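One chain, subunit A, appears in both complexes that follow, with subunit B as partner in the first and subunit C in the second.
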Partner chain A sequence: MTAIPDTARPARRIPLRGLNFAIAIFVVLYAGIAVLQPNYLEAALFMNFLRRAAPLAILACGQLYVILSGGFDLSMGAVVTLVVLAASMLIGGDPEMSWPVIGALYAMGLAVGLANGAIVAFLKVPSIIATLGTMLLVNGLALAWSGGAPRGDLPDNFRNLGRLVLRDVPLVGTLPVAVIILAVATLLMGWGLHRTAYGRRLLAVGDNPRAAELAGVPVKPTRISAFVVSALAAVTAGILIGGFSGVSVNAGRGLELQAIAACVIGGAQLLGGRGSVVGALFGALSLFALFTLLNLLGLPQALRDSLQGVILIAAVGASVLRHRRST
Partner chain B sequence: MSVDTLSAGRARRGFRDLPVPLVVIALAAIIYVAAAVITGQTNQISLPGLSGLLQRTVALGLVGLGQTFAILVGSIDLSVAALISSVAVLASYLMQGDPGMIVPAILACLALALVIGAVNGGLVAYWGINPLIATLSTGLILQGVLAAGYTYWSGRVAPEFQALAYQSLFGVPLPVLLLAVLALLAWFVLAKTRFGAHLYAVGGNPDGAKLAGLRVERFVLAAHVIASLGACVAGLYLAARLQSGTPWIGRDGIYDLESIAIVVIGGTVLSGGKGGVLGTLAGVLLFASLDASFNMFGVDAFLKQVLRGAIVIAAVAVYAVRNKGHVA
Partner chain C sequence: MTAVLEMRGIGKAFGAVKALDAVDFDCRAGEIHVICGENGAGKSTLMKVLGGSYRPDTGEVLLEGAPVRFHHPREARAAGISIVHQELSLLPFRTVAENIFTGMEPTRWGLLDRQRMDERARALLRRLGSAIPTRALVADLSIAEQQLVEIAKAMLVDAKVLVMDEPTAALDDRDARSLLDLVVRMKAEGVAVIYISHRMPEVMAIADRITVLKDGRQIWTRDRVDVTVNAIVTAMVGRELQDFYPARAATGPGSPVLEIRGGRNALLRDIDFVARAGEIVGIAGLEDSRKSALAQALFGDTPFSAGEVRIAGRPASIRSPREAAAAGIGYLPGDRKREGIAPRQSVRDNVLLTLQAMAPAFASPNGGARSRPKVDQSLRDMDVRAGDFGQEIATLSGGNQQKAIIARWLMQNPRVFVFVEPTRGIDVAAKAAIYQTMRALADAGRAIVMVSSDLPEIIGVSDRIVVMHQGRIAGELPAGAEEGAVMRLALGVADAPSVREMAS
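Up next, the complex of A and B:
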């Protein structure tokens, strides 16, 4: 009880620890890439790496909000698929339509996030079941809408969000638009989580919802908001993915698990209470660096899944061991 | 906590006092009959029609039986879908149409399931890894290996083995008999043996069970092994039914989510310690009736997926909404 005035200090220190861990992993993995392909050390190729990793990093930061609030969001991949398919169907190749459609996409994301949150907060369905359900639902809707074979093209001004690279930028040389979006998104989500009262409430809810409720935190709205942030992050990632990989019914498959893995690598504790945006960001970059490294080593694409399973077990297992030692 | 249970005990009587499995079975029957009558396909309400309905329950029912154990003990198994695919692929690869290989192939599949179950149980019980993550990960590992190696592991089951899935005994399809026998066995273990009673104790209150001298970890491990064995039998059945296994039959059947859903619909509590096999059978019957009804109404495949998602959520919500606390 007497420890309450001190809570600010450990909260400040713990993100730092998560940060060190994930950054170290990333540096090691990227060094491995650089050994195999020395030109990855050039600024242009590093920027290109960041551009391709941007959707996963944004997804991971969104997922982090839900994980910190004590849940999981497994519907992210389905939202990405929905966004890519819906964009191609709604825009239909007309550049004029790009901006209004992007607004509509965010509205869809908002709806999915609110639905997830309401199902968990009011109907008390465990988030893993609830979001698996909405995953099926959203995927089914996206496929039914496009008839399983998406029509329509994405116009250049839409695709440029994920694809365009600005040249002759001072200091860095080249700067992909996706990296700017990544920077803005992570700064925004990092600010929301680590610099606002809302962020503290979210952590409190994830740590102990009953205690948070007794302390006057509006638990239900806070949890719903986490799912909304996650869904909006998924929309952002979907727009970027649509930009550089084009339209496909598998656009989002498996991304939700990659996002969770990234958070765990970044030191987030499952079922809430601990984690940082910097950790999630570098967790995502580490995961992506690992995929790149394995590609360079010529490992079959299919084994990615297996590797992710190993990483998830290792990351969660390591954090279990660390905690066992400290308590 | 005790206040909550007290007030729940005093809840009003009526519909909610009926045993959950009975309510679910009645609901399944109403849906099935109503769909048959509305679409004019009254021939579905006949012995062959009903036997077809029961046949639909087999694969999911087998997985659900195993999943019931995992959930009862307070854990969960998300690796069942990948294990089903692995078993189906392994069985058809080992058999290559040779009836002499039926028994070795079945034994190999059971061994695989034992290993996966032991790994799951070990990760959850002894290492303390969150069961969702642990089993999701073992599932991912299996799925990746399958997808990478499938081109080398093609094959098909022996015709004699395939016949097992289509034969009947006294008018009852063999697979339905298999499900019935295993369900009876599972019911006996849970309701009539000391092991079963201990499983409930561990699921209901792990700390209390530990203080009472139970080796909690062993029960969690055993429950995971049983869950894997259930998935293994389901995989063998699907291989027999489809002649050969592919790496995606488990995932495409959404057996992980649906097995959890039917267990929960049957009244087994996700946090463990309460529920049973009868509820799971009722849950699978409800899902089969819904599926059959969708087919009678001619709902297209994508829309069916949408409805399934909605039904899973709604079904779990019916029980969960009464919870007083907050859920993860």
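Up next, the complex of A and C:
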């Protein structure tokens, strides 16, 4: 890996800087894990690590779209909860229903994303408030629908999306289905952000919406689409989480904040204009590696949240300092 | 009569720019002293020095004979200097009385004494000849009534000096007349009134003395009875034209590219406007002329609500910048930083932004068929200087940013190009380059519309000059018109019989 920060020329390729930072953190943290548990260096355990990190990574990439457009999406965790609960209620243990219900889940995600986007773009409500509102709304609806105690079980073909591990795959040995989904999702979102005209519009809107509008960018549709991408990513993550954690009313709690933290660690600038999918991906892996490390060290779960807060502040502070120096 | 206020040898520089240069100014009790001057002549700076917002580099301010130094606007207000700014500073969701007493609310045993506040506010308003209910919300008042509340607020502290900065700019004729009555009444009460205005009829109607500023210098101060409108106009203009303006086209303009008939919206009235292929149309006007509103209407940013728009002879609907871009109109915004660049994106992405905006969403970010070498070539054609076109555009100089935005629109190949204040805040060399570019664009058969507050630039570059006055087109002048003629139209005094007389 040639991840050497190029300090002599501060303003080279914009995403590179954030990317180096997050990859470096991930490597350091994973090395720490490997010191405590050397078998984490085996391909199978690394794959397992990726499998468990996949939902957070997918959430981070979706959240990145909204952050780059200049906002926040706090409703992601609620969407995850909704997906897990709705899946168990709608499928009701019938494997035949799995695929139609997955379609319905994506439709729900689309509706939440459109609602978030429309509130932000047309009513001009700050996204942090708008999505806080939908978060409470979606969470409440999901709980009310399930009566607080979800009935129904998820059939195996649904759970396999999160849980199944393919054996005897050439090169890597084992390959979890969740890692395939992660790869497809990040490639898709990376392509959308870095390889299309749409992605550049999104960056321009987050950077300077007025200039973007005067350059002919359709600002409102662009903003709305970011929330849709975010909500669809949350549905995908929810399906994986339902697969390996099972049904719980707390399935998605706090995930939106973890996703935001992952983006920031990955070098995304809050309030828009700068960031990359690779950065968000490694930001999420770093955060997950940190959680794993804390588990191995035997620290209580509660400290996880505190440490996450420290990391978030440190990452934002570091990015402010870096950019202040370079401009 | 002695002067209540005296300002002696006031100088103020911002960097290398001298905003004020040894200005002497005084105002007596019971006098209306009008200050006239072109955009950027130094009127507002002088009043900011007086109001304590700026500290002068040289000179001194005397109030009733004693030197004063204000470190904060609050000190000036306490000393009896009240300024009514052009932009009102009222709190819209507070009542009239609350606004009048902001910062000096009467209290009783430490609690707000609302009754006394209302009574005093009512008395003050009555003195100004108004019966606005003191418990009404400011947001529910008309602009004229808000103006009145602002004046009442100024009078609360027994103002010795009342400064009014273009107070009638936002008012219609009837409201403006009642405001002028009010100003005359303040004068009768012995207040020293300093009045800044572009409207010549009202200046001639109410002034006792008139001071003309130009480029930060005081041209003269005279009694109104010794002054004609033409003398004021002549004093306001008359800078030397620099010779960096490009030669005009040898051939006449081609067919109309952009036509507006009867265009109007909330800010504009009766706009009939044509831009032809191959010409540069300059749009001139003073600050309150709404010339930038015209530019925004042409580009669909604040579109016309009525009227007919034609592009290349065909009716067109331009309701948004996006539609304007699709119809072949390019736009160079006046405020580069706020409206032009996406600062953290690369120079290349900034140049490609309009292509990216108009391309299908999932097209390549290079906006269709253009390869990177082609993009870089067009940047070099515009002479954009950067170490690397991949660097963030915010690291470039203002002139280079401006050229990059022009390059952005050239990629879209527009038929009409609207430039708003194209050279504001950029150095002389970059200015000359932008004039050359505008001329080259016109010579290539495009129609160029240039909105500018810089009169020499308007006259030096334009093939035709359209002058705006209070949201209307006041008139049109040919290339090379005198500054005085432009200024008379801009001031709305063009009908004065002896227009020729003062050409100097």
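What we mean here is this: the second predicted complex is superposed on the first by the 315 of 327 C-alpha atoms of A that agree within 3 Å, B and C clash if a C-alpha of one lies under 4 Å from a C-alpha of the other, contacts with A are read in each partner's own complex, and residues count from 1 in each chain.
As a working rule, contacts are C-beta pairs under 8 Å (C-beta built on N, C-alpha and C of every residue); 3 or more make two chains touch, one makes a residue touch a chain.
The structure presented is a predicted model; accordingly, all values stated were derived computationally and were not measured.
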{"item": "Partner chain(s) touched by A:303 [first = subunit B, second = subunit C, both, neither]", "value": "first"}
{"item": "Subunit B versus subunit C as contact partner of A:218, first or second or both or neither", "value": "second"}
{"item": "Partner chain(s) touched by A:139 [first = subunit B, second = subunit C, both, neither]", "value": "first"}
{"item": "First, second, both or neither for A:210, with subunit B first and subunit C second", "value": "both"}
{"item": "Which of subunit B and subunit C A:33 touches, first, second, both or neither", "value": "neither"}
{"item": "Partner chain(s) touched by A:189 [first = subunit B, second = subunit C, both, neither]", "value": "neither"}
{"item": "Partner chain in contact with A:280 - subunit B first, subunit C second, else both or neither", "value": "neither"}
{"item": "Subunit A: partner with more touched residues, subunit B or subunit C", "value": "B"}
{"item": "Touched partner set for A:201, first subunit B, second subunit C, both or neither", "value": "second"}
{"item": "Common interface positions of subunit A, toward subunit B and toward subunit C", "value": "210, 213"}
{"item": "In the complex, subunit A residues that touch subunit C", "value": "11-14, 192, 194-201, 203-204, 207-208, 210-218, 269, 273-274, 327"}
{"item": "Partner subunit A, residues of subunit C touching it in the complex", "value": "299, 301, 321-322, 324-326, 331, 333, 338-346, 349, 352-365, 367, 388, 390-392, 394-395, 408, 412"}
{"item": "Touching residues on subunit A, where the partner in the complex is subunit B", "value": "70-72, 119-130, 132-141, 143-144, 148, 209-210, 213, 219, 223, 257, 260, 264, 270-272, 300, 302-310, 312-313, 316-317, 320, 324"}
{"item": "Touching residues (chain side subunit B, partner subunit A) in the complex", "value": "123, 127-130, 132-134, 136-145, 147-148, 254, 257, 260-261, 264, 270, 300, 302-310, 312-313, 316-317, 320-323, 325-328"}
